[in-house]
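The following blocks contain the structures, represented as structure tokens.
Paired with subunit B in one complex and with subunit C in the other, subunit A is shared by the two complexes that follow.
This part shows the complex of A and B:
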């Protein structure tokens, strides 16, 4: 290959590196705004509520997940405050008895069974370990949906390479396995894939 | 350098781009996302969503009867799990049991009575009515046949002791030539040698595995689903040592404390070698044994003379185990006590012969293991229920004991033992001229593919079923598998089918529904007021005497409760026969000589020893759950059907390469296999796997009768097929 050939080869090489590391991730994920903004910090700091008031483990061990309108109805039957988000929530959802179609950042595929009760109560793992500082957020960040799989960017984690991901970042099977290994907990396939 | 940008330059840029792509996340990320994308296709089934509730029941896939907790969405179970710390199995479930709730939706499921049309190796089905099948059976019963032409109307039940088994026996006792048979291929049959030594047929025995410190297993797949699997796993966790005497490096052998790879067919010789050391080195407690057995002194003298030739030096030459190691194992059995000897059976290779069983089980007597408080303990039988206790029942016969070509009508019960049954074992007992074979099975798989008609029976968790004690259970137990689903419309409970048949031929029907029969049996258990019932909801053991009413007792059982009897206290003194009650010393010695000569084969045409192998619950070719496909098809964690393992030396001798397609040839025929070299296989031996066939996994539309390794194994008159002389051909 002459000098010109080497130059073109490296041009293609570098272009692909730039595309693969910087453009491809943003192409793979579609940014979607939540139906309206929700401030966790307003609910925890101004009203004195805790995470467990809305996201709790039921008496039979099931996790409540994202609260439904029924949970919110005690305070939000009418518009509280003057924000546009509050108006949307009350007028378009509460008053019309429609559940809010939230995009769930941590939703796992259907073939995964994740028992919150075992991790919270028995494993004594804090919510932040997997969900980060979500509980103290002012508003909801855009949901990044994978164009192929349909799942959230949070499952893959912020680093596209996933190299040296710290514990608690990413929610793929390898992340579960790594955490279990660190805690010296062995579990077979059917522990999570039932 | 030319200034012109040409096609070649474009190719160089593309080449550089492709090379660069390898150093980006693109390929890896796309592979990952695409695999997840395939899980989200609209036709991929997903678990139901909704309110979760829990229900308790018992798995009936095999005779172990493991308790399960079902996680349900509404009435639909979405997952099954064991019940932690359950006194029967310590909460363990096998891979089949975990997917038991999937079986109702298996693609091979039958939902209507069918006629099976056989064309060469292919079969197809035609819908028929239940009345058509009943009419055919009636005609056969009414036809005047003689023993010479074959006149038996037989019911094959491979899981005797259930309430339905008693219903079959009551029905057969009423019709001329009615015969109730078992194949004798399950684990219970491996205990017949022990019963022969103890001279008893009516007294049941079980094992106090939890008390054993050492277990010497002769071919029993102890850690692969033997008995109640959770018991063995729990004992192992608690430090029980396992010494595995087996030719093949099985999964159990691979995790045992010692693997003793004896040459095929020499297990009994090895056992007699151990007995020789135990007796000649005075390692047995003669005072204890004299106290336990009235005829001990005389029996020991005879036995000592009989096994005098099985010195460690001789046994070492026959088995391939070093002389010093034989002495060491025998000594270990008396120092690492209490030690239990188990005569097992390989799920695909079948049971040991009766004489081999006697030689192996006899070690337990020398170790003082038999009797209450020891490792092999007597237990009570579970009552049959008031109506069957007062009814005449057909006796239990083993199929190999029937004359060839004697069965005119064969009905096959759906419950499988989980062990392989060569079809030729059954086929040779059928009349040559148009036998009628009717299977009462939920699936078009396994033996059902050989039948002429199928009455579709309810499957797992579709009807109330009862579970008598597993053969290894140390006390009597009883449980009821409560249904989760309603069976499809045209599915018929076997007892209901028998009632319709009884009505048609004009004999007495059974009283009430099948659930009523089970209720009647539980009432009889309750009346004894003995033992405990384990309540899974709260993990409590309640004394039977503390349950207020029989209805309440039934309610506990029907909600996942498990009745456990008290240990049987019995006098220690009994009369034993170390040669077995059906033998004298002469016939026992003659049989041993025959066994001793079986390997190596002197047959130059068939110089190899063919030994099949497989996994309990899968080798019977019945339907398997989706989890099994992971173990066989995707990961090859288990060897699939017709995979032949040979030592590279054997392969080299036959000019074969690893992965080659070839044929295994025996006196009974030939079979195409795929060769896999494995250093753990003994030279001169070929192990061929028996796994689930494609119909058992996917229930393909055009069902084929594909031959497996059992079809070329030599079936002996005593119903065993552990080792067959074979050679390797080439395709």
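This part shows the complex of A and C:
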């Protein structure tokens, strides 16, 4: 009787652990497909463009982010190639003068101020450290949005349970603080919060 | 206090921002209140707003000398967070939602941490903290005019003047793009200072002996409102009229708040 009770307890305990650590996080996140697929590789390898051609720091120190139609229109005035994604982009967005409503993987909450320029120029942090190998991706993976907060899953880094996450990866506030503490940077709340 | 100690330890010279309000120049026009509200995403006042529910980080007080005509005199006193170095609101906050910023000396309010107990409002001798009784509402279309550098606050939290620190962040990013870590004196000024038509407001680094404000602070006509409380405010007032100096300190609460909302 006692053995059976302990067995049931542990079976239930393990079942709940599996649910809480593995199933629940995936239930929390809603997968959304990007408006169409974009290949970074095609743009960098075939046309010889570099990251800075589209994602750059403007003269006022603000980061340009994802390029707008204006940047893309230098090449994409007409349909280039035969892919369906290209047709969607040109016909449904460029020709109708609509900006593409991309889901931004690294979007931070609106009270966060993240200046790219200080981190690139002074911190000498490479893009890949926060954004991963996004620049060499063939297509865009689905955007995972938290059903409650609306935040992107990517701010957690590779693993939500934070097991085996490489140091310095992830975009949670604690990740920022850890790096700032290691670099002995004095910074208060208003350094990063609007 | 702890934060300030940290600053002195790390051997870096961080600025200590402060402001001087020249009461002889101030005409009480209220442009500063308006500029503040626009810069910091304050919702426009509704007709039912009162002294208690209105939300103005920069508020104008009218102080009168109490004498009949022809000796009647009045002065307008812009009142906002005095950015105390010995910060009463910080000490009482149970949530650690108030911080004396080590980089700038600005008393920072963190609305996301605040749970609305309003101890800080009781502790503030300058009544320059405001409570959000409701979520802010903007008239349709006006949300497009919101400042992206300032996050709007939700209901149930306290807010106050923060020397427009969104402008500080932006100025630092611009300086960084030019390879500088330090800001020049004119690069960062709050919205109220920029808009004041009579230049009654001066903003700058109190610790930099070459700055305009450091010279102003040495003026014998400079005083701190309620300076006797020992909160070490970084906002100074200046007047050459002795009755103003006496009356402002004594009467500030008994007088009317002229501008309920900017």
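Note that in this section the second predicted complex is superposed on the first by the 190 of 194 C-alpha atoms of A that agree within 3 Å, B and C clash if a C-alpha of one lies under 4 Å from a C-alpha of the other, contacts with A are read in each partner's own complex, and residues count from 1 in each chain.
Everything below uses one rule, namely that a residue touches a chain if its C-beta (ideal position, glycine included) is under 8 Å from a C-beta of that chain, and two chains touch if they have at least 3 such contacts.
This is a predicted model, so every value here is computed, not measured.
Once subunit A from each complex is brought into register, does subunit C clash with subunit B or fit beside it?
Superposition check on subunit A flags a clash between subunit B and subunit C.
Touch check for A:57: first (subunit B), second (subunit C), both, or neither?
A:57 sits against subunit C, while subunit B stays out of touch.
May I ask you to decide whether A:113 touches subunit B, subunit C, both, or neither, giving the answer as first, second, both or neither?
So A:113 meets both subunit B and subunit C here.
Per the overlay, which chain contacts more subunit A residues, subunit B or subunit C?
Comparing subunit B with subunit C, the partner touching more subunit A residues is B.
Looking at the overlay, does A:187 come into contact with subunit B only (first), subunit C only (second), both, or neither?
Once the two structures are laid over each other on A, A:187 reaches subunit C alone.
State whether A:149 touches subunit B only (first), subunit C only (second), both chains, or neither.
It touches subunit B, and subunit C stays clear.
Quick one: classify A:122 as touching subunit B (first), subunit C (second), both or neither.
Once the two structures are laid over each other on A, A:122 reaches subunit C alone.
If you stack the two complexes on chain A, which partner ends up touching A:19: first (subunit B), second (subunit C), both, or neither?
first
Looking at the overlay, does A:2 come into contact with subunit B only (first), subunit C only (second), both, or neither?
first
Given the superposition on chain A, at which of 308-316, 344-352, 362-370 or 578-586 does subunit B overlap subunit C?
That would be 344-352, the one stretch with clashes.
Counting contacts the way the document defines them, which residues of subunit A are shared by the two interfaces, the one with subunit B and the one with subunit C?
60, 62, 110-111, 113, 189-190, 194
Mind listing the subunit A positions that touch subunit C in their complex?
Going by the criterion above, the answer is residues 57-62, 110-111, 113, 115, 117-118, 121-122, 184, 186-191, 193-194.
Show which residues of subunit A lie in contact with subunit B when the two form their complex.
Going by the criterion above, the answer is residues 1-5, 8-17, 19-21, 24-25, 28, 60, 62, 109-111, 113, 146, 148-151, 156, 160-162, 189-190, 194.
For the complex, give me every residue of subunit C touching subunit A.
3, 6-7, 10, 12, 14, 99-104, 106, 108, 110-112, 149-151, 162, 165-166, 168-170, 172-177, 179, 181
Quick check on the complex: what are the subunit B residues that touch subunit A?
1-2, 8-9, 12-21, 23-26, 29-30, 33-34, 36-37, 39-40, 46-47, 52, 54, 71, 78-79, 81, 95, 98, 627, 630
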